[in-house]
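In the two complexes that follow, chain A is the common piece, with chain B as its partner first and chain C second.
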Partner chain A sequence: MRYSYFPGCTLYTKAKKLDDAGRECSLKLGFELDELPDWTCCGATFPLVNDQHMLMSGPTRILADTKDRGDDKLVALCSVCYNVLKRTNHVMLNDEERRAKITDFIERDYHGEVEVLHYLQVLRDEIGFDALKEKVVKPLEGLKVACYYGCLLLRPVKEIGLDRMENPTIFEDFIRALGAEPVDFPFKIECCGAFQTVNSMATATRCSREILSNAVQNGADLVITTCPLCQFNLDDRQPEILKEDPAFTTIPVFYFTQLLAVALGLDSGNLGFERNFINPLELLQEKGLV
Partner chain B sequence: MSSPLLEKIITESGQPVNLCYQCRKCSAGCPMVDEFDFPPNMVMRMIQLGLEGELLRSRAIWMCVSCETCGTRCPNQIRIAPVMDVLRAECLKQGIEPADPTTVALHTSFIESIRQFGRVHEATMLLKYKFKSKKFTDDLDVGLKLFLKGKIPIMPKKSRNLSKIKEIFTKAGF
Partner chain C sequence: MDKKCDKKLGVFVCWCGSNIAGSVDVDKAVEEAGKLDGVVHAENYMYMCSDPGQQKVKDTIVEKGLDGVVVACCSPRMHENTFRKAAGSVGLNSYLLEIANIREHCSWVHQNNKPVATAKAVNIIKATLDKVKENLPLETLTIELTKRVCVVGGGIAGIMSALDLADAGYEVVIVEKEPVIGGHTAQVSSSFPYFQNISKLLGEKVKAVLEHPNIKVYVNSEVEVLDGYVGNFNVTIKTRPAFVDSAKCTSCGECLAACPVSLPDEFNRGLSRRGAIFIYNASAEARIPVLRQEDCRHFADFEQSQEEKCRACVQSCSENAIDLGALPGRSEEFVGAIVMATGYDLYSPANLPEYGGGTIPDVVDALAFERMLDPNGPTGGKVLCHSDGRIPKSVMFIQCAGSRDPERHKAYCSRACCMYTAKQARLYKRQVEDGTAFISYMDIRSDSRDFEEFVQVGMEQENLVYIRGRVAKVFEENGRLKVFTADTLTGRQITMDADLVVLAMAMEPKAGVRELAKKMNVTIDGDAFLSETHIKLYPVESSTKGVYLAGCGQAPKDITDTVSQALATAGKIQTMFSNETLIADPLIAEVKDDVCSGCGVCIEICPYGARVMNDFVRISEVNQAVCQGCGACIAACPNKACELINSTSRQFLRVIGDFTSKVKAVV
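Let's look at the complex of A and B:
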């Protein structure tokens, strides 16, 4: 199976390991991520005001490029890109007036023909978690995982429709397929503070601290995420949390594709765990997984 | 209940702000409410009462990160994130000094990075932000660590479709 693939800006820089591991795992699982040539930024923000069309012209071009190369499915790994592309496509499919304005603006013919899929969705709906389970060579037994969804993978539910808003389970089902145990984690859909981490570090630190403490209290060994910005806030803000509260228990936070790569038996030396502030290698070694 | 501001917000955001009956579910779940000067439920009430000046000068409109938690839970299906977007745009349109100019600096730096490279390049984007916000020392240590861990490449990678992106900016009058 072959899909058009949109990595996005951050997966070429800070979140390179989210991308690398995602691509390597796809080959192991028998599907190909064919990167769109010459892609541009998705805009990283979906414009919410009715008359803002400019910000949707970028993602619409990306969707039209997918259609023009003959594909009807586009896969994204980054929660932000997924959110923007999926919602733009929702507008292109359902809102005639805005569609006309945007296609006129960028001089392209596009009517929402492409289906935008998150990588997790490919695993659930196209490969199937049962089939995934069979491909696992190193079941992650004894590993307790807090599955952090954040905001953009899920909301707004009417436009995204990946899972339920208050208690989604796609991530937990994925983790079970890898042989690990998802912990009860009520803060899994709370916001990490997002881009306010740049303007107001204290805010993002507070949000991250609440989320991580909840994961630790529920017995998690690690937190996984799909979003580069959440990963930054939850991992890289831990030194800041420690400054405020020396008794805080640190916890590794990394990308779900990195954990998938461990379960599929890919070379862990290549997974970039040393790039994390809280390095998970010791934990994974302790559990006999790497 | 009616005010020119209420009508304007309903039209531009498409959200039925008039239906808010102050159940406060939005404020109960808002991750940013501690940073707001007016909690989201109060923002709704202020729109209904037409308190435009107070709202456009508020910090709340800039601290909202559009996480959409409130919108997903509202019993009247009011999504507040688009409402905040309208208020932010209106603040800039009217030339009012934003209560939190650093958020504006960040958004502007981000868009400029896309215009320049077709993609976002974190190092130059954040450098621009530092100059605009004059927050030179914040996060210097984290930035340095990220750089040392190879997470921030120095050289930007341009998209080969950059000319198309520049065209969009020019057409939109930016």
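Let's look at the complex of A and C:
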């Protein structure tokens, strides 16, 4: 299987490890992520003002490019890109008036033909978690994982429709396929603070602290995410949390593709764990996984 | 040009004061109408519907021997009946009079353009005349009427309408799915707004039903087939096997202890457990155990031989009252009317996993809380945490759980929850004086007599803590329940602890109602509630004549409203039964035998089940009592073999022709 792939800006820089591991795993799992040539910024936020069409011209161009190279499916790994592309496509598919305005402006013929998929969706719906389980060479036995969804992967549910927005389970099902144990994690969809990290770091720190404390309390060894911003907030805010509360138990936070790579037996040297504030290598070594 | 009309037609144009005459030149209209083919009389008058106006119509019919009349006036909904009666009184068949609507369809919509309005009025008159020319004189149809009623559902709605009808002298058959009648009302501890004892109120009514000479109750039963039509229904009722012989059973309870099966008890909403053989409602009069086949091991083990199969209950019974070989029963009842009192279920808390519904034992639904409050219930009337039996010191009541949430759950308001939650919280406070009752609400809807006062007493005198907002999440932390919510009046987020969470779950139609509605030919709405014919004027009539609605099957409501509706239904049926036969409008479909090919398309399309195939001659027939004259079969018939009487295709093609042919300028 071959899919058009849209990495997005962060996956070339800060979240390189999300991208690297995702691509390596795809080869192991027998599907090809063919990077879209000349891709541009997805816009990073979906415009909430109804007549703000300019912000949708970028993502529409990306979708039209996918269509023009003959593909009907576009895979994203970053929650933000996925959200913006999927919602833009929803408009292209369902809102004739706005579609006409945008496509006229960028001079492209596009009617929402491309299906936007998240990498997790490919694993669930195209590969199948049962088939994934069979490809696992190092079952992550004994590893307790807190699955953190954030917001953009799920909401708004009418447009995204990946899973239930209040009590999603796709991540847990994925984790079980890898042989690890998902812990009960009531804070799995609570806000990480998102962009508040720029103008009110204290807010992001407080949000992250509540989420991480809940994960620790429920016995998790680590937290996984799909979103570079969530990962940044949850991981990089831990020094501040420690300053405020020395008794705080730190916990590694990394990307689901990195964990997938471990389970598929890929070389841990390439996984980029050294970029994490809390390096999970020690934990994984302790569990005999790397 | 068609051949000259040999009928004598009269046209009466009404001014309706200035309503019509203000925009239509009524003199011109009369002048033009008088020139039309077949018209022997045309006149106008200020108010044709007044007594002198009607007299003009009557006198002219007699004097000129008219055999067709067109009254050009307001909508036929207003005065068609008036004029038809007037025509009938002087010997003209009333179906030979038609209304030409030149008010709503003409003068009111062309108020500033008299020439256009006048031309259009003349056109409408001309078209109506062309219809009248081919109208047939008709007589109303009479239909036999069986004055018996079948009530589907033995909850409070079914009970109240059955009692009313039985007291009026009519025989009633109640079909109840469960082993006893009483419905969900039997699970409720006390009523609002006066804290009346429900088991006493309901108990009296149940007793009255069981002892009433005019009422027959089928428990453990469902409607299997419904045939027939208004006045003449044939209901086939299927009764589950009676494994326990009530004549032999002494209610000793040995079989209950012997049964190896243990399941959550539905009547007690999972607060207690039961075997496959169990007493459905411990406080009901009927204390004969029921054996539920689908739960019983005897019936589950297909592999085992007869000897190996579980027979624990049979062996424990000293009276030989249990027969595992019992067979289901089937009965037929002939009735003239049906009451659909099918009731509701609570939307399952498992649909709200973010509130711990279905996973956290101390998150219960409102009916479970009612079971706790019932002195005959599983906790003896004490509010206790289901997990460990401790007394909860703080209880969080969550209203609108699954209601008013169009994105994910039910868009509608379940109506009863605001009030029963206030009642439950007040009863809890009476029991646990040092406890706190929190109520999460969106709006308080207390819109009936003494309801608002009831809520206010709770807030002001009994210190119920009302928090306006929607709970985001309920989860367990360190053995306690944590609740995330917000106070939208102060704009603050709230995180709080609770010992017990009570979910006022949305009411939804009873499971299986879709299949039943199909059998009954009753339409349902998008949420599967049974639809009434008209929400204001025909609130208890279903889409099928002779099938009436009562209770929560139609829409969520409390006991007060349910009883009102049940009694309205009973009243409606008594009105129907006050006649010896039923009268039906003859404006229905008919079939041309020599054209019908028996393809059956009309049978599929008929929304009323009025078309039936005569298998001997392979011709589709019309059941005159059931047909409503909607015309669906006429449109569907590929051979044009059906016609609506007095609205034939020929008539309508002429009418359309009149409207589409080049209109001559009148003025």
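Side notes on the structure shown:
Here, the second predicted complex is superposed on the first by the 290 of 290 C-alpha atoms of A that agree within 3 Å, B and C clash if a C-alpha of one lies under 4 Å from a C-alpha of the other, contacts with A are read in each partner's own complex, and residues count from 1 in each chain.
Here is the rule we use: contacts are C-beta pairs under 8 Å (C-beta built on N, C-alpha and C of every residue); 3 or more make two chains touch, one makes a residue touch a chain.
Quantities reported herein were computed from a predicted structural model and do not represent experimental measurements.
When the shared chain is aligned, chain B and chain C each come close enough to touch A:Val157. Contacts of A:Phe105 after superposition: chain B is touched, whereas chain C is not reached.
Touch criterion not met for A:Arg69: it reaches neither chain B nor chain C.
Of the two partner chains placed by superposition, A:Lys243 touches none, neither chain B nor chain C. Once the two complexes are laid over each other on the shared chain, residue contacts for A:Arg275 go to chain B alone; chain C is not touched.
Note on chain A: of its two partners chain C and chain B, the one contacting more of its residues is B. When the shared chain is aligned, no partner comes close enough to touch A:Arg2: not chain B, not chain C. Comparing which residues of chain A touch chain B with which touch chain C, the overlap comprises 157, 165. Put simply, chain A touches chain C in their complex at residues 157-158, 164-167, 184, 186, 214, 217. In the complex of the two chains, the chain B residues touching chain A come out as 11-14, 31-32, 34-35, 63, 65-69, 71-72, 79, 81-82, 84-86, 89, 100, 102-103, 106, 110, 114, 118-122, 126, 129, 133, 138-139, 142, 145-146, 149-153, 157, 159-162, 164-165, 168, 171-172, 174.
Note for the complex: chain A touches chain B at residues 9-10, 12-14, 16, 37-41, 43-45, 47-52, 54, 57-58, 61, 105-106, 151, 155-157, 165, 189-191, 193-196, 198-201, 203, 206-207, 236, 239, 274-275, 277. The touching residues of chain C, when paired with chain A in their complex, are 352-354, 407-408, 473, 475-478, 482.
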